[in-house]
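So, here come the structures, one by one.
Shared chain: chain A. Partners: chain B in the first complex, chain C in the second.
For the complex of A and B:
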């Protein structure tokens, strides 16, 4: 196109003919002029006039070319441009749009030229002069060329993509390196680490907490970078990994159970099995924190078990404790065995296999397992506090209270109480005994309560217990008469070996761990309750108690306890009721009638006088099971009511 | 430990120390007291050495270092009418280091050894007081364990002591005189022992009698 850049050989200055444009020529010939534009308006106007579509040759100086052009060259073009750009809001909008499209075209041209220069995918052929060839070009050729150009384009695209992924991977690699360090920092916050050579070793043992277990318990920190970059990175990927000793792998727990003694001890040491369902192992390695915690738990379980088995061998008891493989068996009560076993499942498949076959009753005492953990921690603390600093230079090492024993002149009993160290095993056996005794007591009371309906047994267990002692309050009542029959209230203090029964009146009875003793005692109390209830009822009904005995010496001998008896008379004194109640023989109720009412009384020669008729006659037994009423006390109330004459 | 009374049992007429002890123990056993091993109380005498720094007032004052099997980890150091120090058993080692200031008079070592009995809440210790090989007298210690206030249990203790010592039951020990309502401490027992042992030592200073 013609531009000033082509050849400015001759400089010609151009100026508009008239400085102010004539807007209108009036009829009288006067001319009105358009006010000249100021500088910015003029520039905007000039810009609007640029027609880029015609000036494709001089894009480089797109901005400059119009400056040389005579803006007043063609009026119609000018008008057209004005109409065209009017809607645009921004005067430079069209300029920008045009510049951008020009740039796009330039880029394409540049690329095409590049490709052409390569001469591999595209060549420039002189166009044949005749107009026919394009039409004669076979479609196959067209297709091939299209294909060629497409493959070229695709190659370029692929190359670019490759470069892009490479740079992304590079940044990720950097990020990961940074992640390893931050993970290491986090690890350092929770675990003890130290650097040995070019390795980072950590300590997961409880030694710093006072443990004396000889296991070294070290783990190694590994940088987990051997990841296949091409594959998708798993979500839980962590650049830091830990390697724990092989004997601490997997998971472990201590199983404490109390069973009836098994007749054969053939499979000792093998019964402890992984009944617990293994936690579903997630795909991918677990996080280092969970791994370390599991390993530490295994270590602690091993320590507890080692401590227990050492004590089991050392402690002499009447029935020796048995330690077989990973099981400790002890006999807290005759016929009963407490077994503590260490269940450790490594992740190997072969160890898991046999566990599934066994099916033993699930009687794991979680409370005792928990207490074992608690006890070993107390033990650790004790170890720690014995050597804790600061410490007086002149004092002997040992517990602080022990240190005070000399200056405070502790006597022998105080010192022995300080020195008394009960082992883990002894404590746990005591706890097991208590738990067993408590369970058995509860079972005994419950079975009695469900078996016997008439005097009702209520047991109120206390919620808060000591590990060695718990208590239960037992009430024996009759249904419907709870208010008047409250004579029997027992407090059962269940200890380790025995049960202390505190009666309401302060009597203390000590029962052994035998189930039968408690049952017999409760039965005899229930039988006494009935007689007490009659006594209370008599008071309410206005009857008088003639005699009362908790332990009758007469009549058939009971196998459990003693029978108790009571005799009451009606308010008028005409009738008397005598009750004998035994825990085994049950109740026997007799009624005594006035002599005058007895028809079949043989006439006596001696007692002729009328006054003798007021003497009481013989006793007659009441057929108690045929009496109406839902329980003993109710029946008795009905009987008393029937024998009280209406006045 | 509770309120303790230490007293001397005079040797019975025409009997040896050994025999008198046997009579006493037999009485206790008849009461129903249980034998619980042995006991000892020993007392070493130190006198202050003439040291360049020592002031004249302290000259001649005696210090007693005592041990008791009842408190095996403790060591007592007392002055006559003075303070009583209760210390660790290591105190003996310290005394060796203080040789320059306190000198041990070995010959004055006196001790009481015997049997320990328990009768319900009472602890009774009947010991033979000996200086070197010779028996000098009999000490009787009665400890009423549940109580630490002298006034609350003195009458009971006197009654108990009369039950086996008869007319030889002691009066209120001098240590108790200003302790009627306050808490009894183990040091008071040692003060009583010190006084008793000193008394026996002085009694026998003239006619030294061997084991009869």
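For the complex of A and C:
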């Protein structure tokens, strides 16, 4: 075989690999070929491949088909095979049958169409859909069988899915359990737990820290697994939850305030203020740690309050302490009341009276609240440390010092000093007194400083102070003359009941808690300061001090302290200035002129000589408020300068 | 030796004789119950012992169960003094001093006859008087006519749980009498004692003690042990 010769360039010859099919290869390599089919055999083979499965006509139908005869023209034994031959043996049998049945069908169709055309015996109508039911039988069967198989399949699938979800849930449950256990472990690290029956109980009391408060303070640990699995698990989900005693729920704090005497005794103890803005609680349940801490805080507040009220009832004081409901009222100073109240709010209760009197939060003394907590902890520690292990081991428990009392022959005072301890209430009252006294002192000094411009008053408060004592340094100065007028420096030690004033020269004055005393004292000091300032100024200006007195016995009597006075003369001795300054009467400045300068002096017959002219003349008062100058010392300086002759 | 010396010796001996004679004539041992002060205090006691090997686990358990105090160890020297009368059992006093805290006062203790009581009481009960004394107690007792019967060193741990005192200690023998420098362990075990000192008639305490003993159960069995039967 050769390819088309039209292409000029290259000639490619194509040959089939093997003309004859190899039937078998002999051992010696010789191939035996299958003999190729001749023409008729080939045709028969091809015809056999045709599939006429769609139609199977009646075999007995007579009538030869011309086409069949055409097909089978090459076969001589066509007619004989109709009856005698086995259909399978005769290759054209199926073809003939099919063609014949098709012919029959066509003939019938032709007849029917002819009849229909006449419209006499037969008409064609559109077929309604209801005509189907007789045909439905096979689809129903199909449907049923399909349904059956489908249910079977779904059954298997469901079973598998169930098993899967079960295993998933199981692993999740296991995980949850593990989480619970790990949470429990974490809880165990911070809180005391014990197992009672099938419950896990915890202890949130401060008993192990030395508290003697009888509240049991137990909480129960709950496994929090009743969760809706379908819902999304919240982020803060915790498999462990705690059940807190109902009386420890919510939050609490102690409010300590110092007020002026209560206006009405009727509303005592009804304070139920909870002004502190509650931290916005998250939608989910709070974590157990925060829950427990809050409960513990409530417990501690309750303990403090119980301790305070017990002491308030026991302690005998001149003015008895009042304990009403959740409030303890004490009177540290006359006209003043210290109130300590326990404010406890549970979460379910909303703010009862959100607009309670506004001032109540402002006077809350956070320092004292904090100190109360500190004191109770000290008290706990004392409880713990007081009972050290006995030595020798057979000795009974108890105070070490009490055991020493016998062998060391303590006397009565030593033993009573062992027993007597200051209670929480006494301590807090003392602290409150001190705080009040300190505040009032500051206020007094400030008001004086703002009211009186000349001389100036400065207060230097120490940053660090004791709970019962603080100190302030008070300086009285004149503006512009701070360097030369430093005479008055006071150290005020503010205690619990009184103020101890230490002068610069070491004098000590003790003032009571009364506000007026301090104010009067400071006023008198300020008045003295002016005279001291004149003295200092005189030194600088070269004037001489003739007399100086802090407490003048002459003149009008001052209601506060005493007036002080000074007399100075000019360097030449011509002029003298006399100053008297009283805390109430204010300052009075007189100037003495030399005799010669006084015109209106009556001529005396005795003093004719010129030398008598140098004698001093009478005093004249200076109209001090008309003097130039912004403060007393400046005016004095101007006056002195004016009276000093230029030489 | 001069005559005066001899005379003095003679005088002293007579004085001692007189003292001894006096004690012999009027023995202080009486049938009267001894009580300290107005309140008659009783000691409730449970005892047991553990081997040295299991000491650590017991201590661990006790640390968990007992009050949150600093764990204490002690080393005490105890001397037991006897005063024998003509009839009856001798009068026994126990003087104890702390060797690790020498500044602490000595402790003088009188323990009465133990009462076993019936089954309903779970602890041994005995009369008890505790006194803290100065360190010249020994001379005082010897002057009074007491005689040192025996002495030992107790060394161990002490715990507290409420009013309960738990001591775990080992007893050492003194090799040289009166000197605590050289001591020798008596046994390979530790003595465990749970005791409460309380006014008489508070049997609730024994119930409490039994509950506590139950909690120590697998480690140590605490029982009321009658010392008479042991002897």
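Everything below uses one rule, namely that the second predicted complex is superposed on the first by the 433 of 647 C-alpha atoms of A that agree within 3 Å, B and C clash if a C-alpha of one lies under 4 Å from a C-alpha of the other, contacts with A are read in each partner's own complex, and residues count from 1 in each chain.
Operating definition for what follows: a residue touches a chain if its C-beta (ideal position, glycine included) is under 8 Å from a C-beta of that chain, and two chains touch if they have at least 3 such contacts.
A quick note: this is a predicted structure, and the numbers were derived from the prediction, not measured.
Contacts of A:191 after superposition on the shared chain: neither chain B nor chain C is touched. When both complexes are overlaid on chain A, the residue A:384 reaches chain C alone and has no touch with chain B. After overlaying the two complexes on the shared chain, residue contacts for A:415 are found with chain B alone; chain C is out of touch. In the superposed model, A:208 lies in contact with chain C only, and not with chain B. By the touch criterion defined above, A:393 lies against chain C but remains apart from chain B after alignment on the C-alpha atoms of chain A. The partner of chain A that touches more of its residues, comparing chain B with chain C, is C. When the shared chain is aligned, chain B and chain C each come close enough to touch A:406. Of the two partner chains placed around the shared chain by superposition, neither chain B nor chain C is touched by A:619.
Residue overlap on chain A between the chain B contacts of one complex and the chain C contacts of the other covers 394-396, 406-408. Remark: chain C residues 67-70, 72, 74, 76, 78, 94, 96-98, 100-101, 104-107, 109, 130-135, 154, 156, 158, 160, 163, 165, 167, 169, 197 touch chain A in the complex.
Within the complex, the chain B residues that touch chain A are 1, 69-76, 86-90, 185-187. Touching chain B in their complex are the following residues of chain A: 394-396, 405-412, 415.
Listing the residues of chain A that touch chain C in their complex gives 208-209, 384, 387-397, 400, 403-404, 406-408.
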